[in-house]
Each structure stands twice: as C-alpha cells, then as structure tokens.
Amino acid sequence: MIQCAILGATGYTGIELAKILLRHPHVKLSCLTSRQDEPPELSLLIPEISKQTTLKLEKFNAAEVAKKSDIVFICLPHTEAMETAAHFYKAGKIVIDLSADFRLKDAKVYKEWYKHPHARKELLKEAVYGLPELNRRQIRSANLIANPGCYPTSAILGLLPLLSKNLIETRGIVIDSNSGVSGAGKKITASTFFGEVNENFKAYKVNAHQHMPEIQAALEEAAHGRVDFSFVPHLLPVHRGILSTIYAEKKKGVKKKEIFRAFEAAYGGEPFVRFKKDGEFPSLRDVQHTNFCDVGIAAEDSNGRVIVLSAIDNLLKGASGQAVQNMNIRCGFPEESGLVS
Amino acid sequence: MIQCAILGATGYTGIELAKILLRHPHVKLSCLTSRQDEPPELSLLIPEISKQTTLKLEKFNAAEVAKKSDIVFICLPHTEAMETAAHFYKAGKIVIDLSADFRLKDAKVYKEWYKHPHARKELLKEAVYGLPELNRRQIRSANLIANPGCYPTSAILGLLPLLSKNLIETRGIVIDSNSGVSGAGKKITASTFFGEVNENFKAYKVNAHQHMPEIQAALEEAAHGRVDFSFVPHLLPVHRGILSTIYAEKKKGVKKKEIFRAFEAAYGGEPFVRFKKDGEFPSLRDVQHTNFCDVGIAAEDSNGRVIVLSAIDNLLKGASGQAVQNMNIRCGFPEESGLVS
Amino acid sequence: MIQCAILGATGYTGIELAKILLRHPHVKLSCLTSRQDEPPELSLLIPEISKQTTLKLEKFNAAEVAKKSDIVFICLPHTEAMETAAHFYKAGKIVIDLSADFRLKDAKVYKEWYKHPHARKELLKEAVYGLPELNRRQIRSANLIANPGCYPTSAILGLLPLLSKNLIETRGIVIDSNSGVSGAGKKITASTFFGEVNENFKAYKVNAHQHMPEIQAALEEAAHGRVDFSFVPHLLPVHRGILSTIYAEKKKGVKKKEIFRAFEAAYGGEPFVRFKKDGEFPSLRDVQHTNFCDVGIAAEDSNGRVIVLSAIDNLLKGASGQAVQNMNIRCGFPEESGLVS
Amino acid sequence: MIQCAILGATGYTGIELAKILLRHPHVKLSCLTSRQDEPPELSLLIPEISKQTTLKLEKFNAAEVAKKSDIVFICLPHTEAMETAAHFYKAGKIVIDLSADFRLKDAKVYKEWYKHPHARKELLKEAVYGLPELNRRQIRSANLIANPGCYPTSAILGLLPLLSKNLIETRGIVIDSNSGVSGAGKKITASTFFGEVNENFKAYKVNAHQHMPEIQAALEEAAHGRVDFSFVPHLLPVHRGILSTIYAEKKKGVKKKEIFRAFEAAYGGEPFVRFKKDGEFPSLRDVQHTNFCDVGIAAEDSNGRVIVLSAIDNLLKGASGQAVQNMNIRCGFPEESGLVS
C-alpha cells in the first residue's frame, strides 16, 4: 500500500489531512512530523481518533520520512516549505506542497509578495498548480504539486468558465471574499483574539493580499490574456469556510443562457463542484466539512452584470481535501476516495 | 419640554429609540405604543431601565398619542406605516417615519419593490429623505421625515463624495454589503434560526433587495445623472452592524489625493461620519452601539480602482440613532444630543 | 448485507444517523422516510453526500419500510414514536428508538413527565435501555432498544463508577448541565432564535426537565437504592455538545485514589469513554463530531467533595452515535464500526 | 466638581469605567493613565466618544494624577495595584481599587492564592470590601474601597439572604459559575484564542480559583460561622456576563415562602438587585450592559433543595459599574448616578 507522510502535522491543514488519510481506503498514513522538539500526543490534536491508534507524532527527521513514505504532504508555512519540498522531490517522492512556495512561476513575483527570495527557482517550472478543474491532465504525472491557496480556489472556480469561454470583460472584475478564522492558522495574535473576532467583521489587506498574484496567474491562463481585478478579503466570526462574491461585466450580447451553459459544461462532470440552479446560492453551511465548491450565479439579460457566488471549506477544498484530490488523481485512485462518505 | 411618542416600540428599532430618548436632555419620552393587545412590561424590553421608571407600554390609540406628543416616531413595518404617518402629519405633528413608506418619490417604484400600492401618494413629495449628510438643510423644516434604510445609509455615505465631485464612473459600481441579524428585526423565521445563522454566511436577495431603488435615488441625486450599480447583501452571524465594501472605477486622471480631499471636505465637519486615515479601515466593532459611520478608502494612483469601506450600527446610524439626529436637526438641538456620552 | 431504515430522517438525529450508516462497513442504509408529504432532496439535508448517491427520502409507508429493512431506527418525537416502534418490533425487526418513549419502565412516570398516556405499556418491560456502559449484555439480544437521552448519557456516565462502587453519598448530588442548541432539534421557536441565543446563556426547566426520571432510574439501578439529585440544564450559544459538571459528597474515608481507580476500572476497556488524567478536564471541542464521552475528576483527600466533568456530542454519543454503537453490539459487529476513522 | 482619575485605563474595566464617568452628572473624568510609554488615542479605546472630546490618555505620573484628582480608580492587575493604592490613600485621596489586592483581610491567604507577598499588610484592615448590599454603611466613610471580584459578586448576592437568615446548611453548597471571555481581560493567550473559545465550553481552575477565599470570607461574615462550598468556573463563548447556578440544602423545616421573603426583604430596596418572580430566571441578556444583578430562585416544599440563579455583567456590576456605585455611596450622590439612563 502507498505510504504517506505529513510534515507539519500540528496545524489546521495537517490535522485535516491526517483525518482524511486515516480513513482513506487506498493509502496508509505512515508518518506525521512536527518541528516541535516534543510533539504533543496525536489524540490531543485529533480527538476523533479512537483509543486504539498507535501512530505517533515525531520530531521531523528527513531520513525517517524518506524511509516511511512514497508521498510527502508538506504543511509547513510558506518560505519554510521550499527546501523541504525540493529535498523530497529530488529523492524521488511525490511531493504535494500545501504552502505557497511553488504556486507562482515567477521567482521575482514570489519575492515581491512573500518578502523572501525563492531558494529553489529551478523547480518553479517543474511544479504543477494543483487545481484539478484547471490542470487535471498535468496533475496525473506531476511529482511536485503546488496545492492552491484557499482564496484562489474559491475565486478561480467562480471565474473559470466565464473567462475561458470569453463571456466577460477582463477588466474591472471584483472579487469580494470572506473567510473564517481558521484561514489564519493556529497563530495566537491580536487579530485571532476572541474579543477581536467575535461579533465583529472587517476587511484586511485590502487589495494587497499575497494570494492576488496566484489568482491573477490562473485567471490569465484561463483568459489567454491580461485580467484586471480588485480583491478584498474579510474576516468572518466563524471557524471555517470561504464565500466569495464575484462581480463582472458581461461581454456585449452575452445571454444568461450562455452563462449557465458554460458553468454546466465546465462543472457537470466535476466530482467536487456543485453548480446551483438559477435562483439558488451557496452558503458556508453547505460546504463546511466537505470537499465541495458550491457555485451560484445571478445574471439577467436585462442588465450587463454577472454575479457569481462561490463557497468552499477553506481547510478542505481550500487546502487538505484538495491535496487528497490531487493525490487521488496522481495515483489513479477514484477521485472521491477518502473525500466522501 | 418637547414630548415624543414611539409607535411600534417593541421591535429592535423602537427599543433603541426609547433608550436614546430616555437619556436625551432636551425631550421627554411620553408615550410608547404597541399593536399587541397586551403589551409586555417595559422592563422586559429594556432591562437597562432602572426599577424606578413609571413609563408603560400602551396599546395604540391615536387620540392618546396625539394628546401626549409633539413628535411621533413610527417604527411600524413598511406598508403599515403610511396611513399612521399621514394621520399624525395632518394632525400637525412632526413625524419621523423609520419605515420605508416615504423614502421613494415614485409611487410606482414603491409598488414594484414593496408589492403594495401606496395609499398616500400625495405625501411622497412632502417627505424629506432624512440623511443629514445629504439633506440637512431640508430636514431643518421638514414635518415628514423619511428616515433612511440601513443598507442605503452605509452605501450612500460611502459614495456621496465620489459622485458629487464626479470622481468615479457611474457605471459598474459594486456595493457588497454585510449585515448582522438584527437587520431582519425580531421575526422568528427559518432564516433567523440559531442553527441556520451561527457559523454560517450567505448572500440573499442577490441584486434584488428592496433597498436598491432607495440607494439609486440618492446616488443619482448626488451624481446629477444615471448611476448603475450591483448590490448584494449578506447575512453575518453577529447581532448588529453593517459593513459595506464598495468598488468603483476612478474617472480618468483622478488622483488618490483628490479622492481623500473629497472625503475630508465632505465629512470633516460632520458630527457622525469619521473618515479614516490612509491605510486604516473600519470594523463593525468600532461603530457598534454608536451613531457613527466610519469610512475608509483604498485608492492608488497605480491602478484605476477606488475601494470604499463603510461601517455603521444598523440599529443606530442605520435606524434609531439617525432618527434622533434628524429630530435634533429639526428641533434646533445640538446634533449630538442624546447620541454621545 | 443487513439493511437499515431511518424513520424521521430530516431532523438532526436522523441526519447524523444517515451520515454514519452511509459510511458504515457492515450495513446498508436502504430507506429514509419523512412525515412530510414532499420530502426534500437528500443532498439538501446532507451536503456531505457526493453527487453520485441515488438514495431518496420517501414519505413514510410502513409496508415499504418493512420490505426494505432488518433494523429500524426511529427518530420521531416522543409520544409519536411508540406506535411505530411497536409495529416494527412486532413485525420482527430490530428496533432502535431514539425517542424517549421506551426509556422509562413505569407508564405512570412516563405520563407524568411527557403529559401523554403510554399506548404500549406492555412493551416497556421488553425494551432494553441502550447505554452500553450499563447494559451491554442485555443489548446483545435486545430487539427493542430505547436509546438514551443526551443529558442522561452525560450525567449517568459521570456518576456510574461512583454509585456502583458505593463511593459517594446518594443524597444531595448536583448535576449542572449545559447543552448546545441542536439539543432542541430543528424547531424554530423564540428560544432558538439567533437574537435570543447568541451572546446569551440561561437555565431552563430548572429542576423540572423530563430527562430527570430517566437519570434517576439509571442512577438508582447503579446504586441499588434511592438517589436524590438536583438537575439544572442550561442553553449554550453553540451548535452541539453537552458538558455536565457533577458535584457529590464522598462517603466517609473514601480516598482520591479509590475514586480514580473506580473510573479506570469502569472505563479502561470502554471503546467510547475516555477517562482524563488527574488535573485534566474535558471540553466540548474534544468530543464534538465524535462518539466519545470524556470524563475528568477533581477530588482531593483534603476535602469531602468529588467533582466530575463529563462531555459528549449530544447528537452522537447523546443520540445517533450511541444508536449505532447499540446496533453494533446487537449485531456482533466491532463496536467502533462506522464510528471512528 | 469632584475630579476622577483612572489608572490602567486601557483594559476592559478601565474603558467601561471611563464610559460611565464621562456621562456621570456629578463628577468630572479628569485623568486617564496607562503604563504604556505611548498610550493609544482615546478614540481607539472608546469609539463611542464623539469627535469633540479633548481628554487624552497619559503615561502614568503620580504627581500629575495627584494634582488632577480627588478620587483614584485603580484598574491595574493584582499584585501591581497595592503600592499605587497605598500611595494615593496616604496622599488623602479616595481610592477605589478594582484589583484583588485589598479584598482579603489575611495577608497569608493573599500570598497563598496570588503567589505574591502582600507589601501593604497594614492597610488590609483599613480597606472596606465594596459590596454595597453587604457593606453600604462602611462604604459611606471608606477611603480605601476594595471593589469585589466578578465571580464573588454573583455568588455572594445569590447566597446572602439565605446565609444571613440561617435558611440553608452551611456545608455542601455548590457554586457553578459561567463567565464570558472578557472576564479574562485583554490578554491574548491560547485560552482566549477565537479557535479555542468559539463553539466551545469548558471548566477551568476547578475548585481552585483565586476568587474562592474572597467568596468564603463574605459568606462566612454573612453566616457568622464556617461555610463550606465547591466552586467551578467555566468559560462561555460570549463576550460579557456571568451566570452562577447555586445549589444548597435547606435547613430542616424551612419553607419556600420564607426563602422568597428573605430575598424580598434583602433586595426589595436595593437599586441594583432585581429579584425575579417565582418561576422566572435570569439570563445574561437581561443584565448585559447594565449594573443589575438579577436573581431567581427554585425552591419547593416537596424537596430539600434550594437553587439560586444569579446573573451580572462582569464588567459592570462585576467591576466598573460597582466601582461607580461605591463612589456614589461614598460621595453621597444618588446611588444610580451615571448607572441608569
């Protein structure tokens, strides 16, 4: 059986990933590591685990990981993942990197947004951006998969059919996104303090979030040309989920019917995108604890706008669920393995 | 001392209004009515009230109200307020109507959006739209004040300086708004059920909310011309507050500096609008339990967009606080009376 | 493969049960019914379900259910379950009733607390109270299993070892319980309104909750004698989970060590009770979305009190998870089947 | 006009106090200090304050404070307040200390629970414990007022009439308390992290909280003898409020009627205790943002127990509101001044 390691297993994405891999029918979770000297007991991190589990969280040791794994999931913070990913990639493992380190093709853009030079530039072109709905074919043979960010997943899936079918203007797009607090990870800071978040709502990094170049690259790939958009993320007083409300201008003459058909064509066969009927819209509730992206559209022939609502669970389709979906594609497993009941 | 009546005092806006008027230094709250046959004890509605208060909630009786009041605040649902407002207006009272019934000038538009014919069309032109930052002069002598809606207050205050100074394109404006649950009033429905709202977030009435014509009318008045915008309201899992994120395209050649100057010029002298410094943005927390509208701007000369964030307490600046501000203007009291500590 | 039906599948417990049975390795979920004339689509109730599922929610029809099932789970409200349970029991099915209808042995007590005469008194003595930690042996051969209430599960598991080993006084026990809102089901009432629950906390049915006789019966069975206790349930502004804080007086001479040993002896071999180390206490977080009951003890030789904290997920160990645990015991499956990853 | 200083004005209690004193009709808030080198702008801490306010937050300077104040409110953490309180007390000011430093009479007990020797033992006997319902007479002439803790206020007010009238057994009392997160102040720690508190509930410092000796001293003073109780505080996922559920055994022969009469006699004339009718119980909602303590009783002649529910706003009656109540008593102002609308 294929063996999987998770590096950085104590964060939210590592924990979600471990939960999925433990119930996955085709792989074995064989190794969980932490950068802490004395990693906590696994049952503290994953209370769902039964008393019988014997798997232990270990301090990271590259040789041990290599010995125990065929696939290495990297749940380290960006800038800390690149060397580790490169190491296991060169050691012949399949590497699925949940950090941002291999998502951008241009090392200069990386440095500009992440304030850190990229130490493994030579691998940027090797990495495949792991959004199955965009790159399923390339993922099938990729050994270095850059798992997409949470905001980008929700934004790109909301716009892909519109841009690839040339249905909207590529200027003036608005992506208004709203995320639960788990998107910020387990860092204990003033902005994740209960007294700050509870009963509150606010924007942050207004039109300046580091996920913008990642969104831009994917949108421009779909549009085969320049795309100009605004992006404002907001912090919701909930634990998990992202809902993006996206506004665009229809190209002249584009009808509502064409828009709905484009989404149906793009997503009808997708196992993890659910396209809503006319008049229905997604909510966080419907996608929490699932790997689905729910998409709903408001478009009328009487005006020039199209509005797309797109919802995901930021820890699943926006991180660990999508990572497993990528693994399933890469390994030839049914794409839903481990991800549906 | 001027005497005030509140009709429909058991809803959220009636209660907030009563709390303000009870501590207002220049008026006396003399009459509180309910449409219920046996109105509850006032202390159940306003636990802040000391044990000594003797004011009682009464079943509505027009003659009693007329006897006891110079100013009549109407906190009835839309379609139910129009006749009552007309009655007291004709009886010579100053009427401040918190419903939507006199906000639109066009009875046809009213009927289209509120699904109810307007029974007092002749008064629509008499009514003054009570947004002090737009209509302070007219409010000074108005006897029928249509107190603005909560979404409109936040949206209009975010756009006024841009439109009146001709700094943005009037097409393709996006108003993305997010409201706490108290905006829906005290109705107990599937959409205000704890199990539905808690840990959830979703849009509703996508580009189809009845506040759209009200927003449009005010924006077009400011712009002296047609304005085209999209509006999507969302439901936040919090009790009170509205935050709107507004996106527009700058007119060619408009500089960041001009935008900031326009807001400073418009709001520097306003007692209840606080314009944030460059790089600072509002949050619900800062405006909850206050009559302030906080406004922050993101605009760079390097791109064509301007983004405005605007936050209010929907029950205060979005309803009862603004109603008292209107009364203060109408009666010649200091505008902050009863509204600041 | 054994086939399972769920009657009343649209409530919280029905939905949780369906989710477990869909992933259960040894049974097939073959039938889901509702009392509604037009049951909603299953995907609306269980968004976790993949797009491929073909199972449909049907309007209840006894013959259909009988044809399609070996085991019938009843998720109907109390007083409505008794006839249905009796019907399928007599038809030779294994019936697991999640309502309160067969939990009490005494029809008079039932009538007193549920304000409804018991129509199937003759079956009360046939029914086995399905708390595995108390009645595992009887459950193995029971065809009518009365699945315990949520408060009783948490209260009884906190007290069982103390009473059965005669370590505490049987008078003056205090059970202070706190439940998430899902305990009230999906009823949309004033007490489950977001505006009432959010940022609030209060007691209800103070020392008068209908779960009291159920708790009493189990405690007295364990103690082989009368037990006297107070019980106050409170409503927490969270979706799921119950935490009970239980206070009792140690019998003279009882040492801390004996108390800890009694819990270890009682629960060391239990698959779904986790007994905490000295100084550690349970939280809702640790048991949410699991079938575990976590129990922690505060006891010192320097004073006469013992304090037990006991936490469960009210929808799992307090309802649907326990129902599946009972099925597993009854059918000879591993007790954890479907309940752990 | 009497001038007031607040030391430590950036914490929750300092902010609440400033808000009250700013609207208080008989005193002037003249000085606000912080231990920070560059105190933030007041409007960041108190957004309710209008744009016109000129008061500024200053770095603490004892001479400045002395010059500007007749009354000094100390909102410093315990162990840091004692020297400052002593200084201003000796300088002839009226000192109201919101910390725990002068609440206990016995320096040894202080050291045991606060892990810090008391540096001003000689003043412990000078200090008056500022619970008006217990010590109003002494407060009238006190120059060093130890303002009670939040849990003690709620617990003591729930038990005072029962103990002073000798209606309950003094052993085996249970005080089960539940507090909002603001009780922990503005410290940003793992236990005040949104991801930890939200949708969670748990006990902490089980029967080991530093407020226990304070509760004990007041209860024993009321009972004129030893009192033995258990105390378990829990953390609620709400911002403010404490609800305590208190369980005691009635003395033999005590009737329900006597219990209700004792509470009516004790609290009928109290401006800030509201005693509920039989069958009604308090909720956090009713006391939030007020200085009231609401008390409800469950007692039946058919059993031996009495259950008291007591709710306060931890930042008002549990801290800053009570401090102002004490000031009002000390200065001869109407007791409600600044505390009711």
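Should a chain be cited, it is by its letter among A, B, C and D, assigned in written order, with residues numbered from 1 in that chain.
Keep this in mind: contacts are C-beta pairs under 8 Å (C-beta built on N, C-alpha and C of every residue); 3 or more make two chains touch, one makes a residue touch a chain.
All values reported here derive from a predicted model rather than from experimental measurement.
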### Query
Out of A-B and A-C, which chain pair has the most contact pairs?
A-B
### Task
Just grab the chain with the largest centre-to-centre distance to chain D, centres being mean Cα coordinates.
A
### Query
How many angstrom lie between the CA centroids of chain A and chain C, rounded to a whole number?
37
### Euclidean distance of C-alpha centroids - chain A vs chain D, Å
48
### Message
So the centre of each chain is just the mean of its C-alpha atoms; given that, what is the distance between chain A and chain B in Å?
### Response
39
### Message
Touching at least two other chains at once: which residues of chain A meet that condition?
### Response
196, 199, 237-239, 285
### Query
What residues on chain A touch chain D, complex-wise?
181-182, 186, 188-190, 192-199, 237-239
### Message
Give the list of chain D residues in touch with chain B in this complex.
### Response
19, 22-23, 47-52, 199, 271, 274, 285-287, 289-290, 292, 336, 340-341
### Task
Give every residue of chain D touching chain C within the complex, in rising order.
172, 174, 176, 178, 196, 199-204, 206-207, 228, 230, 232, 234, 236-239, 241, 243, 245, 247, 249, 281-285, 288, 298, 300, 303-305, 307, 309, 311
